[in-house]
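Listed below are the structures to be examined.
Two complexes are shown next, each including chain A; its partner changes from chain B in the first to chain C in the second.
== the complex of A and B ==
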């Protein structure tokens, strides 16, 4: 454990810790471009040069390990001059086209220039011209003039995906990031290179030019596209509603979680949010009239569903009620479904195991075959009754008229079981309720449609494949008259004479943590930013 | 005439052939080493001889060997740097062409001393003929058991591989050379670790220049004291000085370390062409700071030149007469470094190109009064801030030319033309 002094502050750090890491522990930020904690050390940008006592030359903080008694200065005149010099060099052949650059506002050239800029240009000569707006693959565009050759992107493709698409070609100030012959930047994680590019060289084709970053707001969340539960940041825009035709969710970015996804996320997750602002969102409660859906007030929709359930329960015909819950629902929503339907109303036909969520194979990194975010939560909260039917049996029973009321949450049963079967379900049930975010073949067959919030429109938790409980947060309100599932359950419960006393998602979680063994002792505050593991694997 | 060690072979007919070399004490040092000396005795002998690394850095050769860990479980490698690319330097080429067996015998001695499992000769891509000659010499020694298994009937075995470069100056920098040898782009490595610990294929590696190695047979044959006494206090032996530029007899001259520069220019190389007067000399390859005419009494060894504010470097002496336009000469040098900068680290990648452009502008007659100061500022911003010495190599000439010949730059800037007639 060597002890190092940085800018007068002492800290003991593990053997092998570099100056830049030790400084971070002391909340001292040393400017850097090529350094990225998830990648090997390049040591090439020279932005992190610092002064080490008893060493004549400045040393790069990203590569120099601290040693016992080392004294480092990160802000002396010599260091500041070096940073100014490096920035001047980096900007020498940079086009400085910030007004038309999509990175503006989150560019590390701009960021450091505010502090270390020389402002008056000493350059009279022509800049080196290079290739611009080059499509590297399905997601990424390259501007080689803006590139500062930090090599983060190619180290990512060499070290993380090991797909080796990118290299640096030519020499000196003609150097360029480029694709190796015959390659396309098309791996399952290539969106990350736009995140780690510290400048406007690599931009995301889906996001670029649709919104200036200073209009964005963000919340922390969890990617719902598979059971890994990558930690993400949701960037959304409400301030400029005209941008991107009203699209609110602008982009997703990975958020560091050492236990789950480190600094990364896959493209499937990154670009898997388009349904949120799609034109087929369900905006109003509706009922079917002459084979068409007609918008109705919530009161009417909830009343109709509640009356139908009540009638069956009052007559002791609970076995004629089927509830299809969802692996896409939060733990809280799943718990509420269990409370209301199983515990209060005695429904046995409740299950989430609709086939179709397994696609391909785990890739050994972040992508898992189970494409739902909360299979583990659904399993742990045991929303399927031990003596009850599974989802397939429930749907079969509904198609045979044995179940009179089928309440479907989020799943497109037509996709899982075929449209024919769902038509039969529709014909042979008294009431088919569909609660979801977007219209699909199942909602088309429903008697009552309830508009639900999508994941960025609600608060709650998901339990990932490993049993890690992680929090999602509301970025923006649901569109139209849509409500989060939790609110729909609350309203329904009060109409069924079994009112919930929850005010917010946290209330539900607190109760669940009290009553459902694997979640014992957890609270929203104990989950923190990185989540926590359920106490045992299964009840 | 003084002592000639390597260049003595330049004048002997057919010296590049094994039979001729054997007739001139060839491979006797190897036999002596293999039969009567331990590896550490060889290293000790070389340390005491004061043999310096003649690729340019001048690091004591024997001490470099001693950094190789003796107990490493990994194989050790010896790499011969034959990527002679420093402008003004052309000595290794002559060794490869004329005295290849001296180099090979030296390789065998060095490999024995450090316990190398294999030797690579990294030879400059443009050196087609030298590569052919050294290749033929290796075939000869292989056929005669001076190379291969159980050399000369001893337990010592060795193989040598020739690897030809692809034309990048930077691959003469030892860690870029290793990268290139491993099949990667020739980008210098971050140091430490130094190659002696983590070198080729992550194994302990010694990298020596051709000339350095070629001196080994003589040191073994005649003893360290004889060699050390030829030179100055801490610079043993002779070295090959490459004289080019405005002299009557340009060429390679083997002279004792510490020979005065004046003697090399005026006695050996026959003085300045056309009886013109001397203006400036670059004493150690293009990276060495330039000396003015009143500095040529300096002794040509590593320590004396360092004291004079320059470097002995690779032994390339570039002589410039009164008709040389110094801004133009500096532009030629700077253009070279801008072209050869590998582009890995920021200051050198961007700074070399910028300096070249500013100099070009001065030559084109559109220089500004603040240009010299800006050039100095750029050069100082490169100096010491780069991964490898190429940054310093590009900055040092700029600084020394501007400091010593400021008036010529000022003339170009204020008069928009050159003060040398006919240029």
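== the complex of A and C ==
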């Protein structure tokens, strides 16, 4: 284990650690463009030059392994001068079209220029012009003028997705990133190249020009598009509501979690948030009147549902109540559903196993066939009654009139079972309640519709396929009069005479961690940024 | 009465003072009438005559750096110079600029505004937008100061309105 001294601070690091990694451990930031911890080392940008004692020339920190007794200086006059010269070289043919560049504000050229550049350009000739605004595929636009040839994007396509779409063509100042003949940048992870591009060369077509990055606010969350549970950052814009026709959620970015997704996320998840700001969001509680939904106050909607449930429970007809919970709900919401309906009201017909969540196959990297974020959580919390019916049986029973009240959370049953069956359910039940975020064929058939919050609008946890409990956070409030599921349950419970004493999601989680074996000992603070695994004693 | 205290006998007579005042006002009136009549036939005596101007027929000369109604400058083909970089929108302390950008067909222009609204009812005329603009697309040199309207909606100037406004005087 060699010991290295960087800027006077000593640290012992494992054999083979590079200077840049050792510096990171000491919280010393060495400027870099081509170095990315998730990719191989290119050493092409030369921005990370540092001075190593007893070597005559500056060394690149990203590729020089530390050795015993090495002394490194990252801020000497020679290093600072070299950085300035490298920046001048990298920016030589850069168009400096920051006003129209989407990267402006989070561009490493801008950041390092302000920190280490600040030179006067000595270029007397015209800059080399190259191709601009080239569409490389469904998600990515390329500007070859802005490129500094760090090769991060092509290393990503070579090493992570192994699809080899991109290469560097031509020589000298005419070199440019381009697609290999016949290729299109359309692999399932191609959105990542826009994230790792340190300059504005590769930009995201979905995010392009809709919002300046400095308008964005962010919150940590978990991708809900499959059971992998990739850690993400939600970038949203509330300050400029006129941008992008009022769309609040602007983009998702992967967040580093070594146990789950490392630095990456798939495009399915990255662009799978459109329903959140879609025009078909349910904004008001409503009841069906002459085949049309009429907005009503929450009081009335909840009262109607609670009275119907109460009536059946009081008459001891619990078997005529069916509840379809959802794998898209958080652990907290699932636990509340179990508490309220199973434990307190004695409902047996409660299940989440609606078919249709398996699409395609696991790809061995991040994409999993199970498209619901919380299947594992639903299983562990045992939302379904062991002797009870499963979701398919519940819906069948409802269509035959054996279930008088069907309460559906989030699932579009029409999609899973066919519209005909749901029409039959609607006719043969006394009350069909739909609680969800967007209108669909099931909500069209419902007698009462309750507007629910989507995942960026609430707090809670998801349990991924491997049993990792990870936290989602509220980015913005639900639209219209929608409420988070948790609040709807609390209000409903108090009207059913079994009030919950929860004030926030953390209260629910605390109680759940107490009472549900796999979650024992967990708390929001113990989950931290990377989440923690459920205990496997129960399995 | 308290107000009469300190008045001399002459002043208390009332009429002489009134006549004196009328004479003063009258002399100004007739002198100005004469001077204005002379102006009509082209004789302008320097430093003499009334200093007021007859707005709106007559306008004051504006200082060259005066910040007046905004306008958007145009390219040679008449399209807006603005590249929708949102610098003015960002710097605006009154939050009165609303821009929506779109992709331009010409990759050398790349970005252009499809919406550019200034709510003049909110604008504080600080001129930061003009200073922030990297492409000289917005200026406050129209010389127009009287754009009052009957409704708040009419105070919102849209992209096309702003493009139509001409500068106060052609650059020499």
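Everything below uses one rule, namely that the second predicted complex is superposed on the first by the 535 of 539 C-alpha atoms of A that agree within 3 Å, B and C clash if a C-alpha of one lies under 4 Å from a C-alpha of the other, contacts with A are read in each partner's own complex, and residues count from 1 in each chain.
As a working rule, a residue touches a chain if its C-beta (ideal position, glycine included) is under 8 Å from a C-beta of that chain, and two chains touch if they have at least 3 such contacts.
The structure displayed is predicted, hence computed values, not measured ones.
Student: Between chain B (first) and chain C (second), which does A:43 come into contact with in this model arrangement: first, second, both, or neither?
Tutor: first
Student: May I ask you to name which of chain B and chain C touches more residues of chain A?
Tutor: Comparing chain B with chain C, the partner touching more chain A residues is B.
Student: Contacts for A:173 in the overlay, against chain B (first) and chain C (second): which applies, first, second, both or neither?
Tutor: After superposing on A, A:173 lies in contact with chain B but is clear of chain C.
Student: Does chain B (first) or chain C (second) touch A:503, or do both, or does neither?
Tutor: The answer is neither, since A:503 touches no partner chain.
Student: Taking the superposition on A as described, I'd like to know which of chain B and chain C A:149 touches: first, second, both or neither.
Tutor: first
Student: Touch check for A:1: first (chain B), second (chain C), both, or neither?
Tutor: Once the two structures are laid over each other on A, A:1 reaches no partner at all.
Student: One more residue to check, A:209. First (chain B), second (chain C), both or neither?
Tutor: Once the two structures are laid over each other on A, A:209 reaches chain C alone.
Student: Touching A:92 in the superposition: chain B (first), chain C (second), both, neither?
Tutor: Only chain B is touched by A:92; chain C is not.
Student: Note which residues of chain C are touching chain A in the complex, please.
Tutor: It is residues 83-87, 89-90, 98, 100-103, 107-111, 115, 134-135 of chain C that touch chain A.
Student: Per the contact definition, I'd like the list of chain A residues that touch chain C in the complex.
Tutor: Going by the criterion above, the answer is residues 97-100, 104, 131-134, 208-210, 212, 214-215, 240, 242-244.
Student: In the complex formed with chain A, which residues of chain B make contact?
Tutor: Those in contact with chain A are residues 168, 170, 185, 190, 338-347, 349-354, 357-358, 361, 368, 374, 377, 381, 384-387.
Student: Quick check: in the complex, which residue numbers of chain A touch chain B?
Tutor: 41, 43-47, 49, 57-58, 60, 63, 82, 85-86, 88-90, 92-93, 122-126, 128, 148-149, 167-168, 170-175
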